[in-house]
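Here chain A shows up in two complexes: once beside chain B, once beside chain C.
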Partner chain A sequence: MTQPVSKTSVLAGMTSRALVITGLVVIVAACLPMVLSSYQVGLATEVLIFGVLAMSIDILAGFAGRTSLGHGAIFGVSTYVVVYATGQAGLSPWAGFALGVLAATAVASIFALLAVRTSGVYFLLLTLALGMIVWGVCLRWTQVTGGENGMRADVRPAALMSHSAFYWAVLAGAVIVSFAMWRFVRSPFGLTLRGIRDSESRMRSLGYNVPLHLFIGFTVSGIFAGIAGGLYAMFNNFVSPSTVALAQSVEGVLMMIAGGVGTLFGAFVGAAAIIVLENIVSSYTERWLMVLGITFVLIMIFAPEGIIGKLRAITSRKVR
Partner chain B sequence: MSEPILTLTDVVVAFDALRAVDGVSLIVPRGQRRAIIGPNGAGKTTLFNAIAGAHPPTLGKIRFNGHDVSRLPPHRRAQLGISRTFQITNLFPTLSVQDNMMLALRGLKPKKFSLFGSPDPDDSEVTRIAAALNAARIAERADIIVKEMSYGEQRQLEIAIALVTTPTMLLLDEPAAGLSPSERSMIAEVIRSLDPAITVILIEHDMDLALGLVDYVTCMFEGRVLVEEPPEGIRRNKQVQEVYLGKPRHA
Partner chain C sequence: MDRRQFLKNTTAAVAAAGVGAAPWRSAQAQASPIKIGLLAPLTGVVASGGKEMVEGVQFYLDQVKNEMGGRKVELVIEDDASNPDTALQKARRLVEQGNCHMLIGNLLANTGLAVANYVKGTGTPYFIPIIAADDLTQRARIKNVIRVAGYSASAFTHPFGDWALKQGYKKIATISQDYTFGHEQCGGLAQVFTEGGGQIVQQFWHPLNTADFSPYLGQLADLKVDAIFAMETGADSTRLIQQYASFGLKEKTPLLMAMNGTDQSVIRTMGPECEGIIAAAHFAEGSDVPTTAKFEKDYEAKYGKIPSLYGFSMYSGMMWIDAALKKMGGKVEDRETFIDTVLKTELDNSPLGKTVKFDDYGNPIYDVYIRKVVKRADGKYWNVPIETYPNVSQFWKYDPATYLKQPPYSRTFQGIKKT
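Showing the complex of A and B:
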């Protein structure tokens, strides 16, 4: 067997080309606060946080073939717990953050227990319904969640008060989490998820316990969604039922689709596209939702594989 | 002779009122090459599903290698050494041949739960995958995406996947279905050169192909065992000719 030299792992399995590209992207991203206004830095922070959420959805949608409409709720549970723990319970932001991720993981594992035996539209509907339950609880359990008014707390640690400092912290977090997710989908376990996507019956006959693998995949994806939710709590210092609402899940899924299902890092591109569009277009017209809708229709017609998916297809055609 | 590897006792698989397999008893000695033949709808594939666990038997017992597997789910049976191919090609179409083999190999290993581990195969995996691909004669196709392979190659990959787990018993469900004559002889060659220690049960419509490969033949008809004989006898058996060709009519 011949192994090309450039294929050998430079850092934890990355090719040198991927390493250079990643390095450049991170450096450019790190320089953004020097050229952007503080409002724009806020938007960039939001892009990173929702990019992580969209990526966590892509683990299931792009690799296990299960699109979840419950990840907004998992994300929001973490936000609620972080805000509650630091505001009402008086814990430190870091302890609150850990609790938030833990709670999101627990909720994800409950979702997973119920949803792993379904696929296709049933999986979609079941995760949607589970997310709605979480939303209902957050809306009605007024003594704890503040009901419709939500809760406010100074979650962000003092060291990260400035827009730029917080942006850099989120960027560092996003890089670490993205790397972990990238390792996860490429790992031997990640391969089993792709196998389940392609043929469940074959996986079973090969000796795989398919529901168990989906359960683990869903739970791990929930951890990452929880991290995004915890960061969002620090970003916003505020949480309300709209954070756990269906719209949040849908937005995450749309970001993933816009970037490209199964591309993983496309999630950041999709998040950037949607957040920038939302904020720019809404400053010009009240009908910004219509513009967003038309944009989606156009993406689906001209690049159904998503922005990154399309770019990859174009570049690989050129190489050939 | 040692204990038979597979014993079926009065196995029934019923779908509501329809008894697709209706009281089949079967004894397969270790290392035998066995063909199951019979016209369409005789219950051959359903019997395979009962043995492999996709449709556990409604009634009756299945013993494999000293274990009662009648109620075990498919993955537990795979762990005991039952491996199968599918009549309708059932592969991972968007993955490479190499990834298909890796999934096949790791099905029974704890490595499948390595959440953040390296995706590359280790040395022993490389050796075993190469051996199985060689046995199925598709060694040079390891980096191809499965959906880009020809149908014949996909059938070969089916066998390679079933082989890489080093099974004790291999169930081949119409391995040559839909292939051209030259591809058929290639598949026959692959089956003939399998390790003699592996027990092979084969469903095949092509009598010439099947009878040239096996030591013993079970002919099924309407869910029951009609005849069990060595291949030479089957060719001349009146009952077998009747179920395949219809009863001779006397004027």
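Showing the complex of A and C:
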């Protein structure tokens, strides 16, 4: 008798169970604007945008074993370029968006060139330093970036003015981008990244060009961070150095960790957990940062594999 | 009384109460509280100033027993974390979820500009007693963003430049934090001073949170200028004043500062090193004008410290809004009328000490004090006015239309007259 393999559906190699779950989640997400207030829809939009950012970090952290502290800067470069292109240079929002993603990709590739030969804590520090450079440039180059005050522009296209319309657009974008990232990490190329994570020397001795693979992986993840940054520009119509600051990168990494490293979609859960927590707790106490900190400590102690990771572990135990 | 009878009686009583309560309830609905959303940085780099902002607002509400324009006030406080992204999110929350009738607050210009950009779309009245970015009442005015009891950054350094000329100063050097608030304040002084025949010898721009000023102070000492103008906020200001004194510059060259440099939030903890510094401002806590003195005394009695710019500005801002609400019977829901009424309202009896009104661009016209830090009888230091420039416009003596044609002050444009 042959081994019972899970049925693979026609759609891009998803199991039918995964397909059903994904479909349900997307439908529920699409219905949210009908039950939530406009402010909550705004929060949900933010969750999606930061979810995409956290996911782009997860490509590197979860699959190539390299945690980047520079993705907030890549994200923010896109935000800056989109706001600048539409506000100062007078381009259409869509052209601005494309330019933003392009700029983020370019910055990511520069980061990648410098960082791919390192790993572990050196990779962390190098990406951190590169991110700080971007932040410094945004802060000091007052003529272009507006310095501390930042820049304002009406970036959001007229068709997406209402909260719900914009939410649906971001949701559609997030679904497409998530699918692309999921395909990316499951592709043969993605498998080589995992190989590099598990043993760099073995991959090298098997004849793989490790730095090149990491370079491509980093750059691709930069594209996705750039898309998130472009959406954030449309969401806020505003950008300031705090968007490219270290805190932004750290927040992205924390969201990824809270959701579960290497789970990819955990990023959305992590983003939701952090953003919702931030907003609820801060309205009760000004010590909300402390509550957030304690929550992280608890997550690290009781669910070091993240929220999604923990759930997966529990469900698979039950199945057995 | 048996059970049946009891039920009958209570039902009747409840019904009667209900009928009696109904009209009262609908009256209540009409006079539902005015909801004010207060955004203040309670965490982050300027948290101490943020707390004083909240104090200022609460101090006012306590005095009016939580009632403005004949209606109860519900104050919702949100922390903007000194971060524009957070400020934006909290503003959304206050407007869309909290249904606040108006927003007030923010300290850092970047947080204020982010919120201003947001309320441009929603039309919510937004009051900025602290945000000093020039262009909000000049080149990029938003109608529903109103500077009650606030000021535009260069408004006080214009007369300050004039005052420096009158002292006979010929050469001035400036040192300032490198961001818009600094560029604007230095620009105001530099333009008036150089147009009156003075010379700006050199300008130093340093990043925020500079721990050590010695490289700058060394260069400043070598310049042999008649006075030094410094624009600093918060901890930078404390450090500059201390190091200025310990480098021995204090005895040689008079130090002029932007008003925030010698604000109570800075000099409250300082000793003789801050004595004698001159600044220009619309508020001097050591003024003997009765309303100012009374405010200072009451505030100090309540909070145990001399009021800073933050407490004072928020207090006066609330007073201004209240004055407008009284005029229109508290009908805050009618936004257009509310905004117009505020802009037309003149503020009497405020701690400012004099009736204040808005100019055509929504910036208040103040008497500007040249004030000096002196020691009070109890050993604390405070700012005392030594000279007054009455009715100073944000455009100084320039024609507004011509003034607005020049670019906003920046690191590259300081309005310095070319000789």
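Assume the second predicted complex is superposed on the first by the 313 of 320 C-alpha atoms of A that agree within 3 Å, B and C clash if a C-alpha of one lies under 4 Å from a C-alpha of the other, contacts with A are read in each partner's own complex, and residues count from 1 in each chain.
As a working rule, contacts are C-beta pairs under 8 Å (C-beta built on N, C-alpha and C of every residue); 3 or more make two chains touch, one makes a residue touch a chain.
These figures come from a predicted structure and were not determined experimentally.
K.L.:
Overlay done on chain A, so just call it for chain B and chain C: clash or fit.
P.N.:
Result for chain B and chain C: fit.
K.L.:
Pick one for A:S282: touches chain B only (first), chain C only (second), both, or neither.
P.N.:
So A:S282 only meets chain C here.
K.L.:
With both complexes superposed on chain A, which partner does A:G150 reach: first (chain B), second (chain C), both or neither?
P.N.:
In the superposition, A:G150 contacts chain C only.
K.L.:
Scan A:S242 for contacts with chain B and chain C and give back first, second, both or neither.
P.N.:
The answer is second: A:S242 touches chain C but not chain B.
K.L.:
Is A:T142 in contact with chain B, with chain C, with both, or with neither (first, second, both, neither)?
P.N.:
second
K.L.:
Looking at A:Y39 after the superposition, I want to know if it touches chain B, chain C, both of them or none. Which is it: first, second, both, neither?
P.N.:
second
K.L.:
To the nearest 10 degrees, give me the chain B-chain A-chain C angle using C-alpha centres.
P.N.:
Once the structures are overlaid on A, chain A sees chain B and chain C at 140 degrees.
K.L.:
May I ask you to decide whether A:G207 touches chain B, chain C, both, or neither, giving the answer as first, second, both or neither?
P.N.:
After superposition on chain A, A:G207 lies in contact with chain B alone.
K.L.:
Please give the nearest C-alpha separation between chain B and chain C in the three-chain superposition, to the whole Å.
P.N.:
Closest C-alpha pair between chain B and chain C: 35 Å.
K.L.:
Going by the contact rule set out above, which residues of chain C touch chain A in the complex?
P.N.:
It is residues 42-43, 78-79, 83-85, 88-90, 92-93, 95-97, 108-110, 113-114, 117-118, 133, 178-180, 183, 207-208, 410-412 of chain C that touch chain A.
K.L.:
Report the residues of chain A in contact with chain B in the complex, numbered from low to high.
P.N.:
1, 9, 13, 180, 183-184, 186-192, 194-195, 197-199, 201-209, 213, 216, 220
K.L.:
If you look only at chain B, which of its residues touch chain A in the complex?
P.N.:
52-54, 73-75, 78-79, 83-84, 86, 90-95, 99, 102-104, 106-108, 111-120, 126, 130, 161, 165
K.L.:
Which residues of chain A touch chain C in the complex?
P.N.:
It comes out as residues 37-40, 42-43, 46, 139-140, 142-143, 146-150, 152, 236-238, 240, 242-243, 247, 279, 282-283, 286, 288-289.
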